[in-house]
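Look at the two complexes coming up: chain A is in both, with chain B in one and chain C in the other.
Up next is the complex of A and B:
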């Protein structure tokens, strides 16, 4: 038996039937075989169909599950979701969208929303309610199918808070830009390698830099230094360690002085990821300050010179003339009869008083021994006169006073002690005061301490008690004056004056 | 109702906005641009500020702004969102997508 090209089973042509009966049996057998083969083919086809139906049912089930999941996701979404038809009529709306529109469940379905125009990019829309705009929403639209029809799915995200924050940030930026545009300052940021990440500020123009021109440049490259101890780099390193630093920096290349402040720059997580700094050009201020300092020093110098001159004039001229007058009057009185000298003796008494007053005035203006003998003898002399005048005992200790002191230090030290002792006599109400003078670490330290009435330093007006002039004298010499006092607890005035390098032995002659 | 070939249709548009915001100015500018370019003056735009006229917004069932409502020619259509989507605005407002010749082209 052979099979034709069409698949029809045909008996083999070469075989010849031996007999009629045999032929019939053979035909039946062939027929049975054909039926068996057809049945097998049909069974195979049936099995295939059953398999296909199973696959389709599974697919349908999976599709239904996916649709259910899709609805579930939409229903549970925190963002509002609206599905509209092609005209913008609402087919489905999730609970988040109903909350967004202040509507009850199901109230929006079937109403006209409008075709949501946000297909290519997000659109910002404002939700409207009875009182006006209730929220700003970012809307995105995608084309989809809903229940077998073309539809549009719009997601609505409430960005009201974000927009308010953006608006607030925008206003802050506007204010900052205005400030930066007007203020003569430099503002910069760096990363943790101290590489500039931004630079701005109106003062950039003064140093011929454009905004952000130094971005990418390290601080060392910008300053053209390899010194790790450079004040600017050291300040930035401290800022990276979390410490805000304020420092003055003179840039010799620019001839400018800056007052700078640097702070750590932190990420949202609070980690330090760089430095932010601001600098103000204080060159003119520094120049004015230097001029003022020089002027003040000159003023004090002139004042002392003038006092010196007047004191000398009083002592040498007026005092001498009065002394000679008194000698001449003494001689005249001796040469005249006693009855004629009573008036002259009165004049003699007045002259004696005048001589004493002139001498006192001369010493008060400036004791000549400060110029001639130095600080220590002058202080000792002054304490003696002070005690005799005021009744306040001075307990004086001194240590390591140098042999030579510049005249301006001598004068300032004497004037400060003089002023502090005057205050004790006037205000402290004590019978003794401690004065100490010593040199430590290249500084002359003077301390006047009493255990009297004391006062509140914060309540003292700048012009009262001579404290101001004492502070001024200390400042002019690069030193400082500290006042420690409180009502009922006495007063301690300490002056620290830096000394230039001195030559010679201790307790020797001071320099004029 | 069909219009004759001689009859000129006019698009009556309502633009619902909330206050004189940047969003309002952008929406009005986008809508005007489309109308100028494709409607050759055959349009009117009425701006409705929902902050000034909340009752009207409520009556017209305005849920959000900017919303454009085409009153005529019928059928009424409604759009909401970014009006810079010119192709979609044309399609949804039934405006023929045949751009008016630019002035310089006319001169040539």
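Up next is the complex of A and C:
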């Protein structure tokens, strides 16, 4: 600036002409002119100087404002900011950083930072306060200049909450994975091509698979099938179409039966992007069920056979012997004088009663005509007996009953009608009951209907009404028993029994 | 006796019944038991061979029943009258026996002269049913089996 002033003045002095070389007037006017010129030059210079100084002041002001803004930003930043020199001495620290380090304002400035400063990557440091609570801080460091010297700028962000959330999520995932691994079933997901995207569950071990071992494999590859009608693949396709499906599946390669359920797997937007499935190994249940069914069937068979045998024994052996004794006694009485026969006639009466009792016992166990003559004659015989005992009239209709019915169907049908009629006599309080028997589309349908007291089927104990045994008989023959009743509205018991392919003619002779 | 001798074959799987019936029938001077069988197959063979006037046969026997035998005899020895001896008083059995061609249905427990009566009825061309069975009760039963029936029942 000094130089510059001298520079401005210098040309004005150098342009001054020597006084002895001019006359006085000329000299004076020239002097005046010079003064004027110099004054003007000085004015111009001053003006220029003032302008220059204004610009500088403005620049200084702007700089000050920028600096203030910068400090303001740093001071108010939620992230901690620390500037250190190359040795790690703290040159500047913002309040957020002081809070992070649990220090008072100004306390850190001039101290050594203490944490290694790594450039170009984020580092995580742990800060423990006096009470032992730790915070995880993410630190990013860049090289910079501070007050003209090389320095480091470290920004610090408290990520404790984020870390905790991440940790909690990780724990949840581990727990979930453990849980899935413990579930006694197979769990899997597929994409829309039915390619496995995950597989888990404790049942994997039973089929020698590791979790996720089949990932990438399509369902067809996994099942080793090319059949598009395969029950599993068909179920998955329906799930992809949005329908949940429950199905039973026997895997012949594994010799196992599974009860499976598949559902569409949806994205957060609700779009179907795969299938989620779960399968339980029910092989043992199936086997137990089959054993139980076989046992039930055997039990019913044994009971019926036993009744049959006792009924036959009573009727054909005991009954025959009694009958023939009676005939012989009758003959003896005739050959004797009347005065000698009164005691014998008493025995004759006892024999007649005995014969009737034995016949009753036999018929109660099992009517022989069910074997000899078939269902229809047995039902007719039973209705007559039933009416004479209970006073309840039976309105019987029948339609298309084949004369030849398999023995187990005859027995079941007779027993179910017998049981239903017993219930009517015991509980309905009616004077008549409708019974219908007919064959329709390969099924024997039996209906026993009354308009009596009725009952609540849900509230009744099955054993007390014999409904249980009726249900069991129907079930064993692959049929079903339906009970429709409510208090005051009568009862309708319907049994449907599928008939095997009928042999021979309709209504042909049916004998044992 | 100017009565013609009647040849009778007796079939029952119970020996005691055969013995009793034989005693009963032999008290009739013109009845002559020409053969006994313990099952249906033997009875059928015997009748075919002897062509008796009367076959008294038990309804229930192992193998061929009395009803089966009656059917076969109707073909092999049409002049032999068949009397069914039975423990069962149900119309269903009676109807089955009559349809098989039997001329009499006698209950085993009935009085001793009923069987004799039945045989005499049969010989004279009439049917005989042990009381309380009757032609009327059989007709009533027959109606019942075909009631509400779309097709007719075989028996």
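Here is the rule we use: the second predicted complex is superposed on the first by the 300 of 512 C-alpha atoms of A that agree within 3 Å, B and C clash if a C-alpha of one lies under 4 Å from a C-alpha of the other, contacts with A are read in each partner's own complex, and residues count from 1 in each chain.
Assume contacts are C-beta pairs under 8 Å (C-beta built on N, C-alpha and C of every residue); 3 or more make two chains touch, one makes a residue touch a chain.
None of the values given here were measured: they were computed from a predicted structure.
More residues of chain A lie in contact with C than with the other chain of the pair chain B and chain C.
When the two complexes are overlaid on their common chain A, residue A:316 makes contact with chain C while staying clear of chain B.
Of the two partner chains, neither chain B nor chain C is touched by A:146. Touch criterion not met for A:222: it reaches neither chain B nor chain C. Of the two partner chains placed around the shared chain by superposition, neither chain B nor chain C is touched by A:280. In the superposed model, A:327 makes contact with chain C only, not with chain B. Contacts of A:249 after superposition on the shared chain: neither chain B nor chain C is touched. Residue contacts after overlaying the shared chain place A:127 against chain B, while chain C stays out of touching range.
No residue of chain A lies in contact with both chain B in one complex and chain C in the other.
Residues 14, 16-17, 19-21, 23-24, 27, 60, 65, 67-68, 87-88, 90-93, 96, 107-109, 111-112, 141, 144-145, 147-155 of chain C are the ones touching chain A in the complex.
Chain contact summary for the complex, chain A toward chain B: residues 87-88, 101, 108, 111-121, 123-128, 130-133, 137, 139, 141.
Those residues of chain B that touch chain A in the complex are listed here as 16, 18-19, 23, 50-51, 54, 57-58, 61-69, 77-83, 85, 88-89, 92. If you check the complex, the residues on chain A that touch chain C are 315-317, 319-324, 326-328, 330-331, 334, 352, 355, 359, 368-369, 372-373, 376-378, 380-381, 396-400, 403, 506-509, 511-512.
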